[in-house]
Amino acid sequence: MKIAVCIGEGPYNHEAADSAYHFIRAALDRGHQIQGIFFYHDGVHNVNALMEPPQDERHMANRWSALGATGIHIVACVTAAKRRGAMEQVAHVELAGLGQLAMMTIQADRLVCFGD
Amino acid sequence: MLHTVNKSPFQHTTLADCARFLRSGDVVLLLEDGVLACQVGTLHVALVEGILQRVAVYALGADLKARAITELIPGIQVTDYAGFVSLVEQHKVHAWL
Amino acid sequence: MRTVLTDVKKIMCTVRRAPHGSIYVQEGLEAALIVAAYGAEVSLVFMDDGVFALKRGQDTQELGTKGFAAAYGALMDHDIQCVLVDRHAMAVRGMTEADLLSIGQDAETGELRWPRVVEAGEIAALMAEQHSILSF
Amino acid sequence: MLHTVNKSPFQHTTLADCARFLRSGDVVLLLEDGVLACQVGTLHVALVEGILQRVAVYALGADLKARAITELIPGIQVTDYAGFVSLVEQHKVHAWL
Amino acid sequence: MRTVLTDVKKIMCTVRRAPHGSIYVQEGLEAALIVAAYGAEVSLVFMDDGVFALKRGQDTQELGTKGFAAAYGALMDHDIQCVLVDRHAMAVRGMTEADLLSIGQDAETGELRWPRVVEAGEIAALMAEQHSILSF
Amino acid sequence: MKIAVCIGEGPYNHEAADSAYHFIRAALDRGHQIQGIFFYHDGVHNVNALMEPPQDERHMANRWSALGATGIHIVACVTAAKRRGAMEQVAHVELAGLGQLAMMTIQADRLVCFGD
């Protein structure tokens, strides 16, 4: 099954991004295809290359980047990111418009939204 | 339809709002702070029991453990992220954010 | 901008948050317009505090924010015909149909278009028909 | 004590939570989505009227205008940011975030 | 780290959010410890969903997050003696005193210390005595 | 009167930062001294130098920077900022520890918190 995921909240502040990550990992383990991951609203902060969490904490941006390195299409909304100053993305993440969210949603069999 | 609820019922009306839109065959998944609704002996037991009479209710085990919710309202089914995926395979999703 | 697809997908956007206290309504409307521009059949449903986004007379000038009135004007251009609002949510918030703002004009007749006030059951039934639902 | 409430009473319990901690001479300031509580004819009029019987209630005019809340429950006083500052001069503040 | 001030200020930190769904409790505890380290007389009050932060047995291992148990261990080191929890908030959430976690040990006697369960009126009275209140 | 302000939510996503800004301007107009402005939690995104909001929208970071240029002490929590990747501040804003929040709170006559 092709699954798209939309994430609307930033990392650390809310659990939403953690839930999305665990869900995506489980979906991959069950053999599904992730059609795409779209970061919207404050979600764009998830893939900020400048984050330096404490060493004993999970590194959210690196998690997303690692997923992107496996070929999963990961997009942060460029309009939302510009507004919020999240302009330096980790590797394997694209900055693009809402059209990507539209395409993912239309092409996937399922859309799952995470947020606050 | 799979309805995901991630807010505490004690400070948000999300679960009660969601309940108004449930149809036969739907499923509710409680996750994040939403799992606080599972606790027995609270102000909102009747709300949860009313939902359980109409549809299946699941709660994410990892979120229950994080919050030390161990005494669950009978009928709520504990699941994991793989179970969440399985529910998504079977249903379209509406997230009550 | 419009892409013709052989298989038109139904996509619902639900708006449950109050306007102005957060940006979800504004960014949600922007997303709904784009999804429609990509050829999906979009329905836009205002529930819970989202109904306040449809209240006539909102004026954000004193707040110094832009608001999102322009997005409503674009709904018709993007062929978003199905704009629903939950009757119960309006009632408990002291809103009547007379409080609703217009969501644009019919391109052909020039008549004003309005959100359609419906029961929860109709919204739930429509949800069940969707290909996917975006939450804002 | 000045109590600031910035959440809608229709989806959050914040205003009701705050009400349990009010003392004589306290003041409630409704701002942001909190001003939605001012509307007449809603589910929560009794809550607001109960608070008005005990303490003074203010609402920020800029937030009311943004949300087109024009018919206010009688007794609520509309103020501006300067009035907010004036309330802060007179009271310590607890923000019910 | 401790600064001696001639005029010790009373600062209350209120915790009203549920733990783990957001970071407010964790960052709030970090702030409370620092405020105490700067010589203020800190009281820490758990109200509404904040009372869940004091539930015994929280285990975030499966979530892969760090949690904030360490912060509780540091309360006594920072001389935060006044840790209150609202009785009504606990009751409506199905929590009893037996569900509460310990907030450390007395430095001299080694006895376990516990949050003190109090009525809203006592919290409101204490609020009125504060120099300032931080909300988390 | 000396007033300290703590802001716990990011710009644009929530109204909290707007409310704080209008409050601070009104306090200055009434002749008060702003003891300091502290950005905590997602609030650290307020002073991100990389934000580029649409031209017809308010520019939140520039607003804060302009207040800082008048001599008001503005601090973003370094721990919160590192975690979230808000590491490039606009001018007249300091990156510092929670001790600054403690000092502001202790030294001011009033503390006003804004957030979600």
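Going by the order they are written in, the chains are A, B, C, D, E and F; count residues from 1 in each one.
Here is the rule we use: contacts are C-beta pairs under 8 Å (C-beta built on N, C-alpha and C of every residue); 3 or more make two chains touch, one makes a residue touch a chain.
This is a predicted model, so every value here is computed, not measured.
When the partners of subunit D are compared with those of subunit E, the chains appearing in both lists are B, F. The chain pair with more C-beta contacts between its two chains, of D-F and B-E, is B-E.
In whole angstrom, the spacing between the mean C-alpha positions of subunit B and subunit F is 37.
Subunit C and subunit E, compared by their mean Cα positions, are separated by 43 Å. We define each chain's centre as the mean of its Cα atoms; on that basis subunit B and subunit C are separated by 27 Å. Mean C-alpha position of subunit A lies 34 Å from that of subunit E.
Annotation for subunit B: residues 6, 10-11, 13, 17, 32-33, 62, 92-93, 95, 97 touch two or more other chains.
Looking at subunit F, one finds that residues 8, 12-13, 15, 22, 41, 57, 79, 110-111, 113, 115-116 touch two or more other chains. Annotation for subunit C: residues touching 2 or more other chains are 16, 20-23, 48, 63, 65, 131-133, 135. By the contact rule set out at the top, the touching chain pairs are A-B, A-C, A-E, A-F, B-C, B-D, B-E, C-D, C-F, D-E, D-F, E-F. Against subunit E, the residues of subunit A that register as touching in their complex are 12-15, 18, 22, 54, 56-58, 116. Contact residues on subunit A toward subunit B in their complex (touch as defined above): 1, 3, 8, 15-16, 19, 22-23, 25-27, 29-30, 32, 110-116.
The touching residues of subunit D, counted against subunit F in their complex, run 4, 6, 31-33, 60, 62, 80-82, 84-86, 88-89, 92-93, 95, 97. The touching residues of subunit C, counted against subunit F in their complex, run 20-23, 63-66. Residues of subunit E that touch subunit F in their complex: 5, 9, 11, 23-24, 27, 30-31, 34-35, 37-40, 131-135.
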